[in-house]
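Okay, handing you the structure first.
Just so it is clear, A, B, C, D and E label the chains in written order, and each chain counts residues from 1 on its own.
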Amino acid sequence: MNRTISRAGLAAVVAAAVIAGAWARSGSGTVTAQAVLTGLLLGGVYALVAMGLTLIFGVLDIVNFAHGAFMTLGMYATALLASSAGLNPYLTLLVSVPLLFGVGYVVQRHMVSRTMGGSLAAQLLLTLGIAMLLENSLLLAFSGDTRTVPVSFDTPLRVLGAVADLSRVLAFVGAMSLAGAVWLLLTRTRLGTAIRAVAANPEGASLVGLDVRRLHALTFAAGTACAGAAGTLVTPLVTVEPTAGELFNIIGFVVVVLGGLGSVPGAVAGGLIIGLTEQLGGLYLPGQSPLLVVFGVFVLVLLWRPQGLFGRPA
Amino acid sequence: MMLSLDGIEAGYGGLRVLHGLSLEVAAGELVALVGANGAGKSTTLRVASGLLRPSAGRVVFDGEELTGLPGHAVVRRGLVQVPEGRALFGPLTVAENLAMGAFHTGEPADRVLELFPRLAERLDQRADTMSGGEQQMLAIGRALMTRPRLLMLDEPSVGLAPLMVRAVFDALGRIRESGVAILLVEQNAAQALALADRAYVLENGVITLSGTDLAGDERVRRAYLGL
Amino acid sequence: MTRRLIVLAVIGVALAPLPLLLPAAQEAVAVRALLFAMMAVAWNLMSGFGGLFSFGHAAYFGLGAYTTALLTIELGLSPWIGMLAGMAVAAAFGALTGYLAVRYRLKGAYFALATFAFAEMLRLAALNSELVGGAVGLTLPVTGEQGWWTLRFDVGDPAYFWVALLLMLGSVATVIVLLNSRAGLNLLAVREDETAAAAAGVAVVRHKIMAIGVSAALTAVAGGFYSVYYLFVSPDLAFGASVSIQAILPAVIGGVGTVWGPLIGAAVLAPLSDMAATLVRTPPEFLAFLQGRSGLDVIMYAVLLIVVVLAMPRGLYGRFARRPR
Amino acid sequence: GGSAPGGGAPDAADASGTIKIGSIHPLTGALAFDGQQMSKAVKLAAEEINNAGGIKSLGGAKLEILGADSQGKPEVGQSEAQRLTQAGAVALVGPYQSAVAAQVATVAERNKVPFVIDVASADDILKQGYTYTFRLQPSSDTLGRYGARYLKELADRTGQKVTKVAYLHEQTDYGTSTFKSFSDEAAKLGLEVGPQITYDALKASDLTTELTKVKAAGVDALAVTGYYRDGLLTAKAIASVQPEVKIVLGVSHGAFSSPVFPRDGGAVAEGIYDSNFNYDATKPESKAVLDAFQAKHGEELRFIPFTSYECVRLIAAALEKAASRDPVKIREALAGISFETVLAFDGPVEFDESGQNKNATPVVLQVQDGKVVPVHPAAKAVAEPRPAAE
Amino acid sequence: MILRLTDVSKAFGGLRALDGVTFEVEPRTVHAVIGPNGAGKTTLFSVISGEQRPDSGRIEFDGQDVTARPTHLRARAGLVRTFQLTRPFAALSVLDNVAVAAGAHLRTRKEAVAAATEAIERVGLGAYLERPAGELPAAARKQLELARALALRPKVLLLDEVLAGLTASEREPLVTLLADLRAEGMTLVLVEHVMPAVMRLADRVLVLERGSVLAEGEPAAIARDPRVIAAYLGENSDDALA
């Protein structure tokens, strides 16, 4: 408990110093405020992407390269329903989440399960194959044309001279709610403990009567459902195209690892850190890719805490 | 018969370990299985638990054929194993490990904590940081939480202090008295045979001896009791 | 070891006449297969035998490619010298970043993502650096003196294949000799269990860094050859994530942690996408409806990948080899 | 292997068959939509030429398009180019991405097969001293310079005072080099350019902070160079931040003059300009091509694929002129050609030493009432530029 | 004194696994360490072998302070341990497992293999030479631990429950082997719950409880010590000692 508090204190001090520095460099309070706000909101989106990944990556120990593609699938579900049936994009969560849950279940049961406990590399290859398959199937079905899903009631909200689109705020809120839900699932439910138990020792799990294969599939499906939710929530912010989710895949991994594999609070903290780093880093090093700063910070944090911010030491 | 293994053949890849093994455990009985290093004792338990599929033979429990059933289904029928490597949930706490044992039974942990007070002191410690002996206690405790009707233990006294070995054997006695049958694999043959109602000797994948008073058998005394 | 080296020599002799038999377009595929093989062999040394899962081999590849390209363009040096220099640069970079990662005890996915981050940082740095041509990259001169010293030949000249073949054989031979040495055995021990290896007297950190350094150097050779053959490097081509994946795929398809796996994987993988493309372009009668559907070839490629992994999770070769030694 | 240098492809000499032209575009990957349209446009052009009697100087020989998918990957582009020349292509068209272009150019050069770049912005490709590579679209230097010039002219035409211009661009060579040329020209015209704000197009998913910087700088106009996806983000950020600039001008922007930009951007797209190369909308020929494409494929032909279409007509003209199937002769014809194009250029297509079309210039388009229309220069415009609504 | 620990402590979070442990080992002796489960015996070995750094205290080996020396150098210098929870190099053959250790002193692979084979034969694992270590049954893994340690030519050998999991008749040859090793001049420190073997082999016995030294002395005296009986052996401990 004490350590958590002191760590939070440290984080606050570091954040304040970084923001002050950014202010000094940019010479504009508004720009700094905007960078912080955008960073936070963007961080929410990253956390959203990372949520399903951390479940799958941390709990099942699977490097899921198809996560971005699953997200894209969610985006298409939303885009199609919103444009053809005229549904409110947020209502399509009712479709995208179950749809992706089902897809995840089937994919795990019939493909991923066969590489469970196998090498990291085999899983990487498999999920990469699945990602290519999904992406290009979408390409085949819907052509590469871009789609956008405007939110009719989207208005910019203003805070301290900074602006944020309502849709981004909603995505942020959605991310935090999802994080809360996943966290409760993992730590406060028997099912969650069982999921972690299966991750820790499948044979032991089976020896206490847990259906390991089913739990694997459920976990994967839950992670994929998160990708579906993420897809829907970001659809109003981005253009929907077969490769749309790719953008988030790597950032998702970075966030998950930074936060600590399998750690839900880690994914949230990681997402916010990456979001803020990206935006504030842009103020420190204009002209450089913000990613340079992101990766720099990532490596430094890992050298400091090799198990990620919230990961448990091996 | 509560459990009967009949003509089991099993192995790993190309390596055949069990060659037509048969053994039985009756309700309420404590049966010991002794044998040399590598004889196939653990393999026998793996087959009974559904962790390893035999290439021939049948596993029958309570009149129901379990051959080929997955491990979790076997456990839910009351046939439970404490495996050799313990198979604990390392990153989970002691309390969580026990809770997982009770996943389908909702069994309260009291009885186990009474049996192993050390566990009660360490409910929030990660399982994989426990000492070797502590982990052994946790593994037995976790298995008991599944409310087994037949408990199979693979060398439960390995690594336990003498006092603790006694405690475990006492516990096994009490567990049997509560009506749970036990199949005990032990290298500590003297104590195992003293406690057991019946015993089998396993050599190179087949049962070579069985009976109620193996401790009196000359070959057993020489090979397994070091007398 | 001797047996393996003999097998390798036989492979070399068997492959040598290939460019004389293949049509030119196929020869390009064959060269690509050799390039894949070089990268996968190198990756496999560090990640398959060393257990240090790298997701950032693009860093070493790119350093090799850029060093060779720069020395050729700016100083007019022979690409052979460029490749040697590239090996040195990549090995130094690998050792340094590897030391950081190993010293600070990064493991598994953490280690993998750290290597990825290093590669990405190089990519982003190259992207913004005038010296190496920024986002456009560097183009090597097409014209000029031809020959083995300049490694410049007519397009489709079998010499390209032979050079690649030599380099590939050299890489595999290095791996074979290394594995058979005491250091190689120690490396395997470190992969299996660091704690136990240290207790058995093995200098864990040093062996890991050796594996990373040698792997980086071998990867740099592939990078150097890439720039010589394709005459062009850019940040994405050299340091992009797809390069890192390209180093991993053949090893996985063939069998991670086996000597021959990466070669088999490369031989299977390199023609695969061309075959899929051809099939879609000119499908047999009963598949006529496939014709001209873009994306379909990639779909088929993906399906093949998936099928291979599912049918043989330990790879084509790994499936039959009992042990990873 | 080992085809003799200068010999071209084996069956190029086959005087009786079709004349093969290789088309290499990204049919899959991030740019698949445009890439597929480019490939369709190339085929449409060949079809029309064949229907009109083929290549007359070669006895009405018909064109045949050999298609290839670069997947946006240079090494795939390279091996596909190799395959196409091997299969007898006497000329190559493509490829959209600059990195692929560099690869195909080396193949073309070494096989001595002319390669006409329809779209690929990096100027470096033509600086290698290649003799077989030509480019139809304007150089990025031209695009940048004209951007500045047009900005000034637009301000004058709409009666607004513009002295300070912020420049927002994606940070690779495409954005950077366009920005440089723009600033050079702007300096000559007395425009003050700054701040320069860059972003990573592949990773950006929100440009609000960047636009806030524009707003904080208090400039009169904003010039932007970027791709499609990030272009939409730019437009959205402009709408929410409202940087109070009088003119937003894309400089060869990947989104702002795309016909689907108004659809995807909605209201926020309205009024945005783009200085870009385009077909000449005042010419009926352009409309005929658009209609034919619409009829055949049920979708609107965009200006980038239109350029690919025009490349095939250009090659056909070179074939007519060369009256030969020999790629070397075709190259010679191309080098000296003067080809009347329906693209809105400043004259016929004529190549300079480096292979660049020296008359290629952009026009200014603006989103007006949900349509992208050319508004400047007046000779190529179909509408008046509209000042931004206050 | 070949091995000396002075006031060594090691805590895990709030738990003091070792609490001011001081003890000395004479060369060419067998020193047994016993104590209840969780007393800190394995931790003691980890600290001596260098796998874990003590929070405080000093470790001397062969006249040198090795407190800060990395594990592999201690191992090469002859301070060698085995693991209670066995740690084989699972994918490697039994022979290669041991050859790794033998290689610490031998230049060529051939020599290493010869030395490894000898060590393997000596612990009675000859039948498993070419088997992947991961496939060994539990008891054989213990023997593998021992073989790997022997191949390092230890001066001081720290054995963490090598006899556990063996039947009485299987123990016999190993106990003899340990006695031989001692006779050859090796110093042994054994953690063992198998009391008959302890009584037979040990010159001195150290009893740990909750991280501290509870008693130290001759085996016979220890076996009679009421504190040791209460904490470890139990009443009627004859069958345990037999």
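Some notes on this structure:
What we mean here is this: contacts are C-beta pairs under 8 Å (C-beta built on N, C-alpha and C of every residue); 3 or more make two chains touch, one makes a residue touch a chain.
On a predicted model such as this, the values are computed, not experimentally measured, just so you know.
Chains that touch both chain B and chain C: A, E.
For the pair chain B and chain E, there is no chain touching both partners.
Seen from the C-alpha centroid of chain E, the farthest chain centroid is that of D.
Simply put, of A-D and A-B, more C-beta pairs touch at A-D.
If each chain is reduced to the centroid of its CA atoms, chain A and chain E end up 48 Å from each other. Distance between chain centres (mean CA atoms), chain C to chain E: 44 Å. Note: centroid distance chain C to chain D, computed from Cα atoms, is 35 Å. Spacing of chain D relative to chain E, judged by their CA centroids, is 75 angstrom. For chain A, the set of residues touching two or more other chains reads 136, 139, 287, 289, 291. Looking at chain C, one finds that residues 127-128, 294-295, 298 touch two or more other chains.
Of all residues in chain B, none touches two or more other chains. According to the touch criterion at the top of this document, the contacting chain pairs are A-B, A-C, A-D, B-E, C-D, C-E. Only residues 49-51, 70-73, 75-76, 80-83, 86-92, 96-97, 99-101, 103-104, 126, 142-143, 145-146 of chain B touch chain A when the two sit together in their complex. Those residues of chain B that touch chain E in the complex are listed here as 12, 15, 34-38, 42, 84-85, 118, 125, 129-134, 136-137, 155, 158-166, 187, 189-191, 222-227.
Residues 19-20, 22-25, 27-29, 32, 127-128, 133-137, 139, 141-143, 154-158, 161, 230-232, 234, 236-237, 242, 273-274, 277, 281, 292, 294-295, 297-298 of chain C touch chain D in their complex. Contact residues on chain D toward chain A in their complex (touch as defined above): 28-36, 171, 196-200, 202-203, 205-206, 208-210, 212-213, 215-216, 228-229, 232-233, 236, 239-241, 260, 263-266. Within the complex, the chain D residues that touch chain C are 1-3, 5, 27-28, 32, 35-36, 39, 67, 69, 71, 73-76, 78-79, 82-83, 86-87, 98-99, 102-103, 106-107, 109-111, 122, 124-125, 128-130, 171-174, 176.
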